[in-house]
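Each structure below appears as structure tokens.
Note that chain A is present in both complexes that follow, paired respectively with chain B and with chain C.
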Partner chain A sequence: MRRRIFLGLLGLYFGLPLLAALLYSVATRWTDTPLPDGYTLDHWIGVFGKPDVTSALLRSLLLSAVVVVVDVLLVVPAAYWSVVHNPRIGSVVQTIAVIPFAVPWVVVGAGLQLVTASFAPGLFGTFWLLAAATAAIAFPFMYWAVEGSLIAAGAVRLSEAAATCGANPVQTLTRVIFPAIRGGVVSGALLVVATAMNEFALAKILVGAKFETLPIWSARQFVSRTLGDPNALAVVTIFTFGFLFALSALVVRLGRGRVSTIGRTLR
Partner chain B sequence: MNWAPALPLLAFTFVMLVLPATRLVNDTFALRGGGYGLDNILRVIDNPVDRQAVAGSLGLGVVQATLASLLGAPAAWLITRMRLGGRAFWLSLMNVASNFAGIGLAFGFVALIGSTGMLTLILGGLFGIEDPFPSTGSFTGMNIVYLYFNVPMFVLLTLPALSVLKDDWQEAAAVCHATRWQFWRHVGVPVLAPFVIAGWLLVFTWTIGVYAVAYAVAASPGSQKLITLQIGATLESSVFGLERAAVLSVLLMLLAAGTTVLYRLSLKRAQRWL
Partner chain C sequence: MSHVVLEDVTKRYAGHVALAGVSVSVEQGEMLALLGPSGCGKTTLLRCVAGLTAFDSGRLTIGGVDMTGVPVRRRPIGMVFQSYALFPNLTVRGNIGFPLTVRRETKTGVAERVEEMLELVGLSEQGDRLPNQLSGGQQQRVALARALAPRPEVLLLDEPLSALDAQVRHRLRDEVRRIQHQVGITTVFVTHDQAEALAISDRVAVMNAGDIEQCAAPSEIYTAPSTRFAAGFVGNRNTLELRTSGGRVTAGGAFDVEAPWERVLCMFRPEDVSLRREGPGARALVDVTVFLGATTRVYVQAEVNGSPATVFADLPSRAAASLSPGDAVRLSVDPGHVQVFPA
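== the complex of A and B ==
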């Protein structure tokens, strides 16, 4: 009985904020009554016609795409070489991967602001700095996913076999290894996209209003409550939540739960 | 040659992660007039708002880690004992909760327990309770919001560890006429303690580093001050020197380093039973 009450309260606690946001996104008018006066899908239809929302969404998608490409290009060769030829690479990379895992992203942003201020002031406030910073904090997810699937695919044996057949390292990587670890790369990419879509601290510090991503748009609506549009914010909130949930469900499915999704959406 | 394919990644992460960290350490001690000293640190210690922020972040970290352990550990235990259907339901609920984060989560809580929130109106309308909830920007309010991602995180982290406690052990203890209390006192708690401590440390570390949710709930005036919010505010206004952001950042890095070391130690201890 006590067990039921405990779990019931916990379930309510997790369900209610989501329900409140969901109701807000379909409410006609909701000011001083416990439940909305009526329900409508107008906000859902209207929001994606608002130019500021669509452009923020497109900016976030562009950022995610660039970050995924950068992380795949940087991580796959390094992880491959680490697993097949030089395990010391792996231990150095794992040490660096602790930084975005333990150090708050605000701190990474603060450091980058100071570094660019003295070395490359022109970079500050640009999309490219934000993309590079996001790629840097998201790279561990890609590395862990790719390294895991390299080991699972038996990359050492595969490269030996490819070398015996006369393939050079580049051919081995692109024609043999890459197809074998596609699942890991996709899992890593989904986690990286989820990070980039929801990342707030770096975007706020490094570019702010100059490149308004979806989280920055949400924050602007939230903070300026008198000027903002709470129904539109509710729609974007539920939309972002659904998007992230779909991504993490896909990752769990692909990795059968082996790839950890923990700690991704936090900051 | 043996490092060549990894050089782009190593160079990139060095420039984007290691260099900024060293720069923050440098700026913590570098003085405006040249040379190095402790002036920047002393100025932060003297500033009452910074002291409030440090106390607020540390307090929030400790309370969250403790509450997440107290609620998460029994929840995780109950989930492992469930039948397949119930277990799948709770695991996906935890997964759902961990995906509802950032600004959206703050919005969800304001829509629920804000001054015109759903639950506030229900409690006011049905039972006549005025102002049943604290402001989401207060210390208590932040605690209510933060548990939403910290409890699922704790559960998802400790769930795999709970399988360490084998059913056979419970049976063996029962055969030896041990009571349930004795089993937990002498077997259960000592075996699981390192895992719980590790989870406590991770929740603490992540809590003091949270920015998005904190930024949103602290938008109302008179909100709880936090280290991450002070850093963000300092970086945006050029009125204060950026040294202040550097000092507070280094403090967060030191805390992160300390908890990471302790986390590794407790996991190592936990591994004895795996």
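== the complex of A and C ==
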């Protein structure tokens, strides 16, 4: 019973704002009444016809894609190395993984701004700088997910077995380890995508209006002198939520068979 | 020349000695069992041969070739791990074929060899299953087939049967022996189970605290252990601590053997003890009898040189049927079967 009340309250806490945004995105006019005066899909149709919204969406998707690729390529081999070959660097990596959370991202952004301005002016204000910075702050999600599944899959034993079978390190990583931890990589990637899609501070500081991502576009709807398009903002909010939600549902569904496979092997 | 030779191999972990200068050799086609209690260094020794653990000093050659600096993947070995370590994402065929595909053998070559190995371990029906769809015994067969598929020179087995229940373990033990004979491969088999070691191997190396105490044929290990540790570890012996007089030890008439020390440990197996109603021997009272099938284990309280001692004897059940608790008997042990060590 108590659990039900708790879950109910939690549902309200998370659900109400979403519900309000959802209603607002399909409302004709909604001012001082409890419910909107009428409903319409015009905002949904209109938003995706607005060039600033579609290009912001594309920019955010591009950023997420680049960041996820960078993080997979960097983190999977690094996590593998630290778990299987050199547990001592594991503690170093774990410390590094906390930094993005200990230091405000605004500070990270401002710091990078200063450093690139004086040492790499070519990178200053570019998409690549933003991608690198986002990859850096999102990598702990990937690291934790990958490290956890490496340990759960018994990566040390599997690597030793592969070596006695004559496999070289690349063959071991691509044919044995990666397939065994695919579930962890995918869920780490999901968290990285969600982070990159929603990241505001770095984008604002590093590239600002030069590369307007979805969060920056959203913020502009509040801060521009004439209030932007609140209905469009509601549409974008619900759309982003729906997109990430669908992505996670897909991942959970794809991962289910694999995770239980690993679980049973361990037993 | 011996096939696998270890000379004075040592390995230390943070001040703790895991291998204290081990020297042992394995002949071509021979099955050597490494037998010893938990923590004595069996796995460490095996891993040193495989190259998974680097030793501190000493020398290892396989087929006359010094293995120093040779990485695991280039050593002519196949290994079976206690936990099987099958690749969870590959089918049985995929697992067995893995060592062949990483060596870039042709598709048909791999397929042929995989079928051959499936046949050898009796898993032809299960080739397309994933490891988690197999029983423990079947997984162990796959691990064995995977290790043998690339025709290694030496097979290394680390307690391959210890995770299985008794019935499967006994069946698979005999099967491992059959396969080893059939393939004729030089094999090192690690176990802490003395019955397994004696049953399966050509020679047994008894290990204790990072060193090999005795290395001999199973029958010799069983009947003539050369050290006190080997005697205690193999054969479930009675142990009596006794005082000698005039260079001999007499256990209240149970036996009379030479003993060049002042205090000695006398060890003898329960099947070498005889209990008679009368005649020579130490006085004893029957305590309990435990029926074991063909034999019955009889515990007696004996009086040995003035102090009481518990001795157990394994008698044919027919002979033991007439004994019941409280009966007075005479206990004697064939002196040829008593091992004497300084206490």
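Criterion: the second predicted complex is superposed on the first by the 221 of 267 C-alpha atoms of A that agree within 3 Å, B and C clash if a C-alpha of one lies under 4 Å from a C-alpha of the other, contacts with A are read in each partner's own complex, and residues count from 1 in each chain.
One rule holds in what follows: a residue touches a chain if its C-beta (ideal position, glycine included) is under 8 Å from a C-beta of that chain, and two chains touch if they have at least 3 such contacts.
For clarity, every value in this text was computed on a predicted model and none was experimentally measured.
Legend: residue contacts after superposition of the two complexes on their common chain; A:A249 is shown touching chain B, with no touch to chain C.
By the touch criterion defined above, A:V108 reaches chain B but does not reach chain C.
By the touch criterion defined above, A:G148 reaches neither chain B nor chain C.
Once the two complexes are overlaid on the shared chain, A:Y24 sits against chain B while remaining clear of chain C.
With both complexes superposed, B is the one of chain B and chain C in contact with more chain A residues. In the superposition on chain A, A:G184 makes contact with neither chain B nor chain C. In the superposed pair of complexes, A:P77 makes contact with chain B only, with no contact to chain C. On chain A, the patch touched by chain B and the patch touched by chain C overlap at residues 261-262, 265.
The touching residues of chain A, when paired with chain C in their complex, are 153-154, 157-158, 160-168, 171, 175-176, 179-180, 182, 261-262, 264-265.
For chain B in complex with chain A, the residues that touch the partner chain are 2-6, 8-10, 12-14, 16-21, 23-24, 27, 71, 74-75, 78, 90, 93-112, 116-119, 121-122, 125-126, 147-149, 151-153, 156-157, 202, 205-206, 208-212, 215-216, 219, 228, 231-232, 235-236, 242, 245-246, 249, 252-253, 256-257, 259-260. Across the complex, chain A meets chain B through its residues 3, 6-7, 10-11, 13-21, 23-24, 31-35, 73-75, 77-78, 80-82, 85-86, 89, 92-93, 96, 98-100, 102-115, 117, 132-133, 135-137, 139, 169, 198, 200-201, 204-205, 208, 215, 218-219, 222-223, 230, 233-234, 236-238, 240-241, 244-245, 248-249, 252, 261-263, 265-267. Those residues of chain C that touch chain A in the shared complex are 50, 52, 71-74, 77-79, 81, 83, 85-90, 98-99, 102-103, 130-132, 146-147, 150, 156.
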